[in-house]
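In the two complexes that follow, subunit A is the common piece, with subunit B as its partner first and subunit C second.
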Partner chain A sequence: MQTKDLISFMIKKSIRIATLLVALCLISFLLIYMSPIDPVQAYIGADMMRVGQEQRARIAEHWGLDRPPLQQFMKWAASVVKGDFGTSMIYRRPVLEVIGKRFASSLVLMGAAWLLSGLLGFILGVLAAMKEGTWVDRLVKWYCLTLASTPTFWVGLLLLIVFAVWLGWFPIGLGVPAGVLAEALTVGQYIKHLILPAITLSIIGVANVALHTRQKLLDVLSSDYVLFARARGEKGIVLFWRHGLRNIAIPAITLQFTSFSELFGGAVLAEQVFSYPGLGQTTVQAGLRGDVPLLLGIVIFSALFVFTGNLIADLIYVLVDPRIRQGGAL
Partner chain B sequence: MTDKKDSTAENSPAYTSNEMLLEVENLSVAFRQYNKGLQQMDLKVISSLNAAVKKGEILAIVGSSGSGKSLLAHAILGILPKNATVTGSIKYMGNELTTKDQERLRGQEIVLVPQSVNFLDPLMKVGKQVRTSVRNENPVEAQRRVFERYQLKQSVEGMYPFQLSGGMSRRILVSTAMVSGAKLVIADEPTPGLDPKIVDEALLHFKGLAESGCGVILITHDIETALKVADNIAVFYAGTTVEVAPVADFSGTGQDLRHPYSRALWRALPQNEFIPIEGVQPLPQNLPCGCFFQPRCERATASCAEKQPEAREIRDGMVRCIYAS
Partner chain C sequence: MINTTDTNTRPSSGILTMMGLNRRQRTIITTAVIGILLLSIILGGLLLSNERITTNLEARNQAPSFSHPFGTDWLGRDMLTRTIKGLTLSIFVGLIAAAISTIIALVLGIAAATMGNRVDTIVTWLVDLFMSIPHLVALILIAVALGGGMRGVVIGVALTHWPSLTRVVRGEVLQLRSTEYVQISRRMGKSRWWIAAQHIVPHLIPQMLVGLVLLFSHAILHEASITFLGFGLSPHQPAIGIILSESMRYLSVGMWWLAFFPGLSLLIIVRLFDILGDNLRKLMDPYNAHS
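== the complex of A and B ==
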């Protein structure tokens, strides 16, 4: 593929993300505007009795809440374009700083779960397809279908009960042990707190990847070119290595990159169950407590996150698959 | 593959030559199927099929779609799906071909030339795919030599199947057979959808293979293609061989042919009388009793519907018809 094609590809993608973001911001803003949460009340919280009607009106005026919604939106959008996402009401810090900090701890969790589900799912899927119809295949299918129909938070609770409460192998929650100074933390403690949430988050992904990989490999195995390979005496591992892996690797990897949205959605639930201080938990907090700037910031950020995953998936196809790369069709 | 029902064909002088490469006798292939819930049934798609090929000879297998041609190729190679059961006898170089032999011989001594570019791995460079077929020599050298012989530029080896033209992919597929050093080449529909010049070129390749001492089985639905290069022609109808005849018998009004179906096929060609025959080939699930061709045969009598005719040797050929002479 030529550089010119790549550039036009990137331009098209940029236009798409720009329009997507505008639409997304507008819809999110409208949803929050129409929600029953009153930002002033959410901001004041427990101090409600001590804050009079007049003071409330002044806070609302200070935030511009007395102006029509379109004006409010335009004002917010104008500062976002300049890079100012405002200040989080809950944390009293700039929104970008909060997101950056929380995302860093989520990234470790999501990354671990992403790798785990990808590798495990791929291996299980390959095993099931290569042994189609045997007990191995049935076991993998049973496992995947059971997990695919299980809610994330419920799996998280089960793991907590068994491994944290009964067996006591892992801490019950939080990202770090309570009551320990930040300087005294060890890497081991971080990892120990990470294991259960990461497993919870990867379990659902495993089922998805395994079932997709299995089906794709079965398609490949029943193709004409595998029949021809078998006619040439290839079988078992050699057959899988030469023709199977080659033909399922690209779809499997792209599927894994397009799963960013499920990963983010799962993180919201898993972090909530384990009180893990990541971006998912922050999203829930921002929503419940009416932290509009933070919530909108997270919406934009998560959209970019998912879009990046899809973009990488597209790029892999374009750059790796010879049929697209040399065919020059984008 | 030991179930032998009759040995009429085996006793003839033509079939006992010491040059015999492959003999298929009374081959039947059935597929286990489920119909109406869990009711299991065996669907017989090939029954009492005979074919034989000698070293240095081209046997063309002619029949319309659904007559069991490709399944014969897959049965010889042992690559039928798991739900298929095979009975009858397949002998390779005089010995019964067991499943173990098939695993050892396929790709080694018995090779398949498939029908289209779809049989090449879409994500593997074609040069590499040809090299994986090489058994006894340096793969790269063997592949370059065969490419040169078939006038394929060296740049072609770095191409993917989707970049090949029809003629190029045909030559690549034949190349996989050439480099393997096989003794028996089974070409399954190697010429459909190609322009006449490329068809002739492909046929020349098979002729060349036969001249170098290979046995070639050319499976085709196109009788004209078969006539150009074959030594013998086996005519398939509804999963069985109705006639095996030397190519010379396909001439004139078909008076030398033994079976009414072969004669009808011959006479249906545009350059001959262009007379189609009534009716269609029966499906495997509702075969007529007796001779499978009897409902469409103009010479059929009541005794034709009694039992399937045995294979008989007549004038250096084989026929399944009680009235053949």
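== the complex of A and C ==
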């Protein structure tokens, strides 16, 4: 019964994700098709003057650019299904290879920021709720609400001013020091270049987790079983450990997994500020320079990334929470 | 979206409490003060002459001083004037985009809740579709498709901010539909339109107003982000995103004021809009008003 439920849940999810992905591909393709970018010009780039009219027409014909949009889409979709996203015009490499390489370095950045913001946000939320109404609570709330209205990239700029320019602790921008090959980078240097972007990126996530955790814990603290526990003399850390933690941990973890969308968007900004060579910076480059295959590839990839996060969050609820696992209607 | 419902903190509530005002009166006063402040910034941006932001090489690279509170940049332009003009532009872009988003949310939300299962499925599917890619990636995609510029930013921001509000509207209408007075109206033979106009829309208007103000702050932040990345307004326009992305080239030589003050101003504006939205919600929610 249980596994059967799980399987039907997974099948339903997969169908939904599949329809959304197909629609997303179609819409993105049509949007780019309508855009003023001339794919031939974007491909040739600086050599534009040396390429004749006839040659341009031949390139267009080679790519099937002279055919109606729906036919072009079908051709593109057919190769995407086979795993061929085309060739990036900026990097002159297969799109999947570029995305894979860039995503690997983004993943380190996003992973570090994700863990940091989750832990910090959870701790702040717990502190605020346990000390409800005191100055600690007010401070945490004020901090979170202010952070929620702060532009990410501005925080990055401030960190850059203070820690890189004034204190000189960290390098200014660039994922790799000048004159050093990316492969020759030591782990120490790498971490040094990672710290500021990771802190910048983690700052956005803190507010969300902290405010939700605070609210959840307040709900738990006003429940009958906590009242009973208090009547027996439990308080402070013991009370939190026995009755609070388990009830608020799962919502906080799932919330963290559903924040992949903001995480990706934040990474775009943080990487741009610190010139960190990840997928975010590549997204900006692809957009600014009209690299259509790469941009479409990134759009689809980012959607998969967000879906993965949401799916994990759903699965955690189904698998970990004993109340949901035992089934039955609520 | 961050949930800000549980805030009880209000700026300057201490002084106003001492004056013997109750919570509702305090909220009204804070709201009015914020409204006047925001209006004066818009007026300032419109009325300030362009004289102070023309190139003036004698006064370039100056740190903040009495005559230039926010300092000057490498062309001698006054940063305070540039910031206020940039904020005004941001507020306008935000207002247009948030208004369009709110209208989309209202139409889709009501349609989903009242026009049967099929429409509901389509609308929820659309909401899921727009939420399935990172917000910033969607903005970049739309901005690229429209060739950037002011038009690209406004349309991009307007087309990506409605999903969360649509969910709220849909939930609200579903709830209203099952209330007793709506059921009674229906039994008494009132038409769907009559019920919608008399019972549902009046409840939604305050929700919409609050939603508009809260969307506004998101819209402004996204406008600044996308402009900062280089997809938005052209470099000639005094936008906060442009100012901040230009400042990056001068940070390493220690010109911190180029980034600090414009960003801080943006933060304060967004925060003010958030407080404004929260206060409006409190004033319009009859259950909360007198507590």
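Quick notes on this one:
Everything below uses one rule, namely that the second predicted complex is superposed on the first by the 323 of 330 C-alpha atoms of A that agree within 3 Å, B and C clash if a C-alpha of one lies under 4 Å from a C-alpha of the other, contacts with A are read in each partner's own complex, and residues count from 1 in each chain.
As a convention for this text, a contact is a pair of C-beta atoms (placed from the backbone, for glycine too) under 8 Å apart; a residue touches a chain by one contact, two chains touch by 3 or more.
Fair warning: this is a prediction, and the values are worked out from it, not measured in the lab.
In the superposed model, more residues of subunit A are touched by C than by the other of subunit B and subunit C. In the superposition on chain A, contact is made by A:Asn247 with subunit B only, not with subunit C. Of the two partner chains placed by the overlay, neither subunit B nor subunit C lies in contact with A:Leu115. Look at A:Ile191: by the touch rule set out above, it reaches neither subunit B nor subunit C.
In the superposed model, A:Leu70 lies in contact with neither subunit B nor subunit C. Contact with subunit B, but none with subunit C, is seen for A:Ala229 once the two complexes are overlaid on the shared chain. In the superposition on chain A, none of the residues of subunit A is touched both by subunit B in one structure and by subunit C in the other. Listed in rising order, the residues of subunit A touching subunit B in the complex are 223-225, 227-235, 242-243, 246-247, 250, 321-323, 326-327. Touching subunit A in their complex are the following residues of subunit B: 74, 77, 79, 103, 106-108, 111-112, 114, 116, 118-124, 132-133, 160, 162-163, 176, 180. In the complex of the two chains, the subunit A residues touching subunit C come out as 16, 19-20, 23-24, 27-28, 31-32, 34-37, 138, 141-142, 144-146, 148-154, 157-158, 160-161, 165-166, 172, 207-208, 211-212, 215, 260-262, 264-265, 268-269, 272-273, 283-284, 287-288, 290, 295, 298-299, 302-303, 305-307. Against subunit A, the residues of subunit C that register as touching in their complex are 2-4, 6-7, 9, 125, 128-129, 131-137, 140-147, 217, 221, 224-225, 228-231, 244, 247-248, 251-252, 254, 256, 259-260, 263, 266-267, 270-271, 273-274.
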